[in-house]
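A, B and C are the chain letters, set down in written order, and residue numbers restart from 1 in every chain.
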Amino acid sequence: MSTSSVSKGCFVFKPSAKKKKRTLDVGDYFIDGCEGSGNSELRFKLCQSLWDKMKTETEVLQDELNRKILDRLLEFAGRPSSTFQHGADDWAARMRASEIPTAALVLGVNVPDHDMTFQSLSDLLRQSVTPHVASVQAKECGALKHLMQRVLERLMGTVVSVDEEEEGDEEAEHASTQLHNKRVHCSLGTLCDWYKSKTKRSNNGTPNKKRSSHVRDEQPQPPVVIIFKDLEAFNPRVLQDFILICSRYVEHLPLMFIFGIATSPSTIQHILPHSVSSLLCIELFQSLSCTQHLSTVIDKLILTPQFPFKLSGKVLQVLVGIFLYHDFSVRNFIKGLQLSLLEHFHSQPLSVLCCRKKEALANVLQLSHQDLESVRQLPSFRRYVERQEPQEQVNLLTDDTHIKGVCQKLIKGLRKYHKNFYPILRCLHTLTSSLPKYPLGKQIRELYILCLEKNVWENEEYQSAMQLLRMLARDELVASLQTCAEILKPVKAKKMRNVLDQLEDLLAKFKQLDKVSGETAANGEEITSPEKGLQKKTDLFQLQKTLLEMKESRRSKKMSPFEILRNEAVDFIDSLVRCYLAPPESQPLNEVCYYSSSAVVRRHLNATPRTSIQTALSNPYHYLQNDTLRSEDGTVSNAAPDICIVHKLHLECGRLINLYDWLEAYATVVSAAEGTHPDSDEFGKVDELKHARFIQAVSELEFLGFIKSTKQKTDHVARLTWGGC
Amino acid sequence: MSKRKVKEAHLPIGECISEVQRVLRERFCHQQLPERLEGVDSQYKHLLELLRRTAVHGESNSVLIVGPRGAGKTTLLNCALRELLEEKEVKRNLLQVYLNGLLQTDDKIALKEITRQLSLENVVGDKVFGSFAENLAFLLEALKKGDRSSSRPVLFVLDEFDLFAHHRNQTLLYNLLDVSQSAQTPVAVVGLTCRLDVLELLEKRVKSRFSHRQIHLLSGMTFPQYLQRVQTQLRLPDGFPDARFSHEWNGSVQTLCEDKSVEEVLQRHFNSSKDFRSLHMLLMLSVSRVSTANPAIRPADLLEASRMCSADPKANILHGLSILELCLIIAMKHLNDIYDGEPFNLQMVHNEFKKFLQRKSHSIYNFEQPVIMKAFEHLQQLELIRPVDASAAKTQREYQLMRLMLDQSQIMEALQKYPQCPTDVKQWAMSAFG
Amino acid sequence: MAALLQHPCYEEERLRRVADKLPCREVQAGTLLSVMGGPEQHSFPSIFIYGHRASGKSHVIHMLLRELELPHATVSCVECVSVALLFEQVLLSLFGCDAASLLPRSPSLSDFVRIYRQQCSHSPAVQTRYIVMEKAELLRDMDANLLPALLRLQELVQDNVTVILLSEIVWDKFRPNTGCFEPLQLHFPDYSKGELQQILAQDSHPSYSAELYSSYINILLGVFYSVCRDLRELRHLAALNFSKFCEPLEEGKVKESDTHKLWRNIEPHLKKAMQTVYLREVSSVQWEQLQQMEEKDTGAVRGLSAHAHVELPYYSKFLLIAAYLASYNPARTDKRFFVKHHGKVRKTNFLKKHEKTSNHLLGPKPFPLDRLLAIFYSVVDSRVAPTASIFSQISSLVTLQLLAQVGHDDQIDAPKYKCAVSLDFIRAISRTVNFDIVKYLYDFL
């Protein structure tokens, strides 16, 4: 990233269009670039297919996430536009007859994610509500004229593309007539005429265009929707004038606005004065926050055995960190996921095994000797070997066919591990997420990262969580256990099946406990009461204290049947955790599926241009790898490129740099580099060549933004960096 | 009026009235030329003489008619022309070109206009000319009659003369005046302007070619003359169809002008401005109130008319403001008093307003910032306040520095007139310190 | 009342018809009509009508011109992005489209006048032609000599034409410095309370009696008249609250006659609505929803301005906070605020006495990027690498208009910024990252 990208929005705008044709050369890059190139094509294929699966998954996700808000919007747009049609009968509508219905759509600050939303929105509108949809961006309409032009073009243009041929070309020449008659460009009156002609034509629906007309039949006048994608960026003046003009035509033209708002709806009031905003009839639509969005994405893409590819805790942390700290962009998160996927298949030779079960087993048989060697190198595999009998160990280390068999076994094991891991994880989360202070994190992803790092049950948050669980009130406990059961139901793995059964009869016990306590309601009361009280307070310290007290009391008096049962349940959960939530490192061959080099990801996704420029200038060896440049203690050898020398020299100067002194110093250094003898009169002479080189270096430095020319002194330049030597 | 009805020799009253309306409106609205000008005889003679020289003896000339707006420059010129054109061969010979600084905003347009008015488009066709001078010369040449001996005199009238001085290096003026200097074609250049300093606008080479003839219309009219003029303006012409009615009308006008209150009103107007236009507006308004119900101008009509003319628009606007907006204005006034006339921004005003609210225990006026902001915006829209530098679009609106475009007296007056103004607000406005 | 609107040249009942369509504006209509005079008579060259928004300026004009079938052209100056459009519309509606098509590509004023003249020489005016210009204040920005020319158009085109200018701004603001032809000024005063009552009462609800509605309007005006006299706004408010007003009637608790009960029922709602008068918080539809919501959960009215909260990335929040501090604290105080072991800065010379006006009155000051970053690094708890995304977040804050970039946007020589958010906003933000901003603000020491 160069400094110029600073001028862009905070989120990297990637043109998604050219993905298709890029894949070809990407393939070549991939293949020749990666190590263990034996099976690189295969890996590339796997990578592609896997990514395609994930992509489709995410797209489906996007749609159903937007579904709700979009439906509401459609309903809003489809509503017989209150201002326009039957104003006569409806009193409220008549009162608002002069207002333009407007939807304020709050989308959050992750701007690049908006495009998809608007795209699908306008598509849906076209399909179901009206063919007349135009969406405009701020940067394409700086003046009212342009805005008008855009809107007219889009509206009339879209109609041409949508409707049938003979209508289309007559529209076309209609448009062409407008083109050389310049009045039509910027007046809304023409739009009205055009609209009238359209609606008239579509109402006496000719049979050849059933599809387009049958929508309009129940709704004679489809509204004209104008979408302002980024309201904040619009020039207020332009917007105000446009709205004023539109309001003059509101009885001829069923207009409707949609404002895309990134920050908060109150910006509308900032942009529009009352005289304008009183012309609008604004309704608010809040899209779901991007954090929720993210958690669903993680839920669908990562917390599932469906995809063999996994992220290690560190990598996941990096990605989530970038999301939370820098951009709220889900799109970029997914891109990061894609990147790590690519990196994994690119760098890890054994990633051939990272695919669906059948292929994986097949691929195991295809493994070459050297692949198997690398398998033997895997730390997790080593650990596995050490746990075996001596004889077995020998076999594993020597016999290729044997190891293949074992690998297959292990792969299967890994898959089982995943199958069981996630349901239990969810269960644990449902239980702990309700606890005060969220000892194991509020979001499931936090818990997940915990589990990836090390054995959960070993850190004390887990302990405290368990203790809190041990004093959960009955109804809550039962409720969460119920949900756990719900979670476990759909899972097919047989282990989970009998876990479910155990859970079921636990719940059954709770049930009959109810009956029992029906008689002994009294003591039931006074037992459960302290816990009730305890739920209120959320101060952890308080909690500990009461905990201890509870312990005392528990020791002192015998526990009620409920308490016994509760402990039983908690112990059961605990056992589940210990059995199923072991971190992936414990699993042999986990390297096949888990991508762990977080540094790479960070370097790619969160570039640090300034530091890299700094290093390039202060320590050229780092990039050039030229031994003559190797230097210790951060000094720059005088053989370094001119710009490095100039930079080094400029660090020694103050706020203002005298160019001539600078040149002198430079000349000395360079001539030293040329090896001219220090006390020869040639030494430190400024000839044209040196001068030219110096000037070039300085201008490069200026281009990089380290210095700039200053008005104060003509023969000086000003430093823009602070610090230095 | 019933007795007037029975005499069928006279038109019915309604027609008379509408006839009166027609005649007088003709006079007031359409600048219809009066039979004779009064008060400007010398100027009239001078101008007429000049024009005649050109029209008849083929001398070139250039003259500026300078006078404040509505002083009757155009009328003067037109009267002179009217008299001049009564002569046969002048009428046949003289060519007239009217240019207006408002319309011919640059020399290309002006030249096209000249060509058109001399009806030479077809002659010019699609010739291309090197310079403006060439083009003009060609035009004038083209005007020569069949025998090359003499050529028709051309009268150039340049209304809003000062605006022509802003054209790029004053080419048009230069050439016209140049022609008027050199004796090739008899040309009269008459400039009308309201700027007394117009000569300073001219470049040296242009000025040097201008015969420094100026006709000034600075009316040193006395009040009796003014009254006289009012009467003549209102008087019906002799050719009025219904003699009786016209006689009555003129009588009523006579009495009207003797009325005391009317005289006061006219005095006031006389002191503010003596020009025709404002007088016409006044009379026009009062005439427009004449109807069959009251067939003559009553003093009341004139008073009403003058009230309409001399109403203070800002006070009118203030009258319609909401209390909140009024309060803001008062706050601004206080700020102006405290930091004598320093610009302020919304925050300060709001602060001042808050101080006022705090002093009162309960108040219905404590609105949120956004509402205050809207009120502020509205004031800005009405241009009662104006930003110090318009360029400061970047700064937030609440911090944009503003100036109040009203003065103490206006505010106070408005407060007095304001309907249902709460007393505490009034007191606040009165109080010396914010 | 209709007697005010009479003229010898128009027959009575026609004028009465017009008068009925102009409630509470008979006086103005009357004067206007008398000034305009009969259709054949000459009228004053230019008339300037001013008055507040929704005081019926254009309504009256249009009614008169349309009902009395006078030849006229109406132009809204907002729509005329170029003078060409203006000329075109005038010619179009006065002489028909063939006249309009005569205009050259980018017509000058002189072209317009020329064409107008030749047109009206073909069809000389039997009746006065009227050209109505709405939002005339925009004419000032258009073309220096357009306005003066229009004012004396009658003289320029030698035709019986009258130009009528409508505006909310007083004429004094229009007058060019060299003066011009003074138009005839007419003022449309704002409606009095009684008139408002009369007008608003006209659009009564079909399913309720007119008396009920007018009594409702009476209550409404009682509350709002002091703060809002804009007819349009009042109508909006009326539409907003009427359903609420009728609720007890719907439920049959109260009968129409019992206005007192009705008043007690509606009054609090109106009071609440008054807090948000003028900001079109919500559409009437949502307003009703909100009202119901309140019955259930006692959430305050959540209109547009209620959603002030903005979700931002963690570092963006801190960048914003840093920007706020940078723009509201004097630079010299940074040392004291942000250097951990700042030397003994004595309170006396630290708090300068003479600067009594707080920066929160004067507004934010611009600051260079370096200062922003310096403060940022010192306020943010963890150690942050100066990555590209940090820098791009700054510029994205600019695009979101939370920061404002001052001067040229040249990245190389240090750009200056201003923080463009309010104190409450930044408070809310810093609460989410539990950073006590007030401790760091110079004004609140």
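To be clear about the criterion, a residue touches a chain if its C-beta (ideal position, glycine included) is under 8 Å from a C-beta of that chain, and two chains touch if they have at least 3 such contacts.
This is a predicted model, so every value here is computed, not measured.
**Q** Does the chain-touch network form a line, ring, star, complete graph or other?
**A** Its topology is that of a complete graph.
**Q** Grab the C-alpha centre of each chain and report whichever is closest to the global C-alpha centre.
**A** Of all chains shown, the one whose C-alpha centre lies nearest the global C-alpha mean is C.
**Q** Out of B-C and A-B, which chain pair has the most contact pairs?
**A** If we tally the C-beta pairs in contact for B-C and A-B, the bigger total goes to B-C.
**Q** Let me have the rounded angstrom distance from the C-alpha centre of chain A over to the C-alpha centre of chain C, please.
**A** For chain A versus chain C, the centre distance works out to 40 Å.
**Q** Can you compute the centre-to-centre distance for chain B and chain C, using the mean CA position of each chain? Integer Å is fine.
**A** One centre to the other, that is 31 Å.
**Q** Round to the nearest whole Å and give the separation of the Cα centres of chain A and chain B.
**A** 67
**Q** Counting only residues that touch at least two other chains, what does the list for chain B look like?
**A** 370, 374, 381
**Q** Which residues does chain C have that touch at least 2 chains other than itself?
**A** 278-279, 305
**Q** When you check chain A against every other chain, which residues touch at least two of them?
**A** In chain A, 266, 269, 274-275 touch at least two other chains.
**Q** Looking at the complex, which residues from chain B come into contact with chain C?
**A** Touching chain C from chain B are residues 14, 17-18, 21-22, 25-26, 28-31, 69-70, 74, 100-105, 109, 112-113, 116, 162-163, 194-195, 277-278, 281, 284-285, 288-289, 291-292, 308-309, 311, 313-314, 316-317, 319-324, 345, 347-348, 351, 364-365, 367-371, 374-375, 381-383, 394-396, 398-399, 419-420, 422.
**Q** Write out the stretch or stretches of chain C touching chain A in their complex.
**A** Interface residues on chain C, with respect to chain A: 53, 76, 78-79, 81-82, 84-85, 88, 105, 135, 203, 205-207, 232-233, 235-236, 238-239, 243, 278-280, 282-286, 304-305, 307-316, 370, 385-397, 399-402, 409, 411-414.
**Q** Please give the residue numbers of chain C that touch chain B in the complex, ascending.
**A** Of all residues in chain C, those touching chain B are 6-9, 31, 34-35, 37-38, 40-45, 50-52, 55, 108-110, 113-114, 145, 148-149, 152, 154-156, 160, 168-173, 178-182, 184-187, 189-190, 192-193, 225-230, 274-279, 305, 360-364, 404-406, 418, 420, 422.
**Q** Spell out the part of chain B that touches chain A in their complex, as residue ranges.
**A** 370, 373-374, 377-378, 381, 397
**Q** Note which residues of chain A are touching chain B in the complex, please.
**A** Those in contact with chain B are residues 266, 269-270, 273-275.
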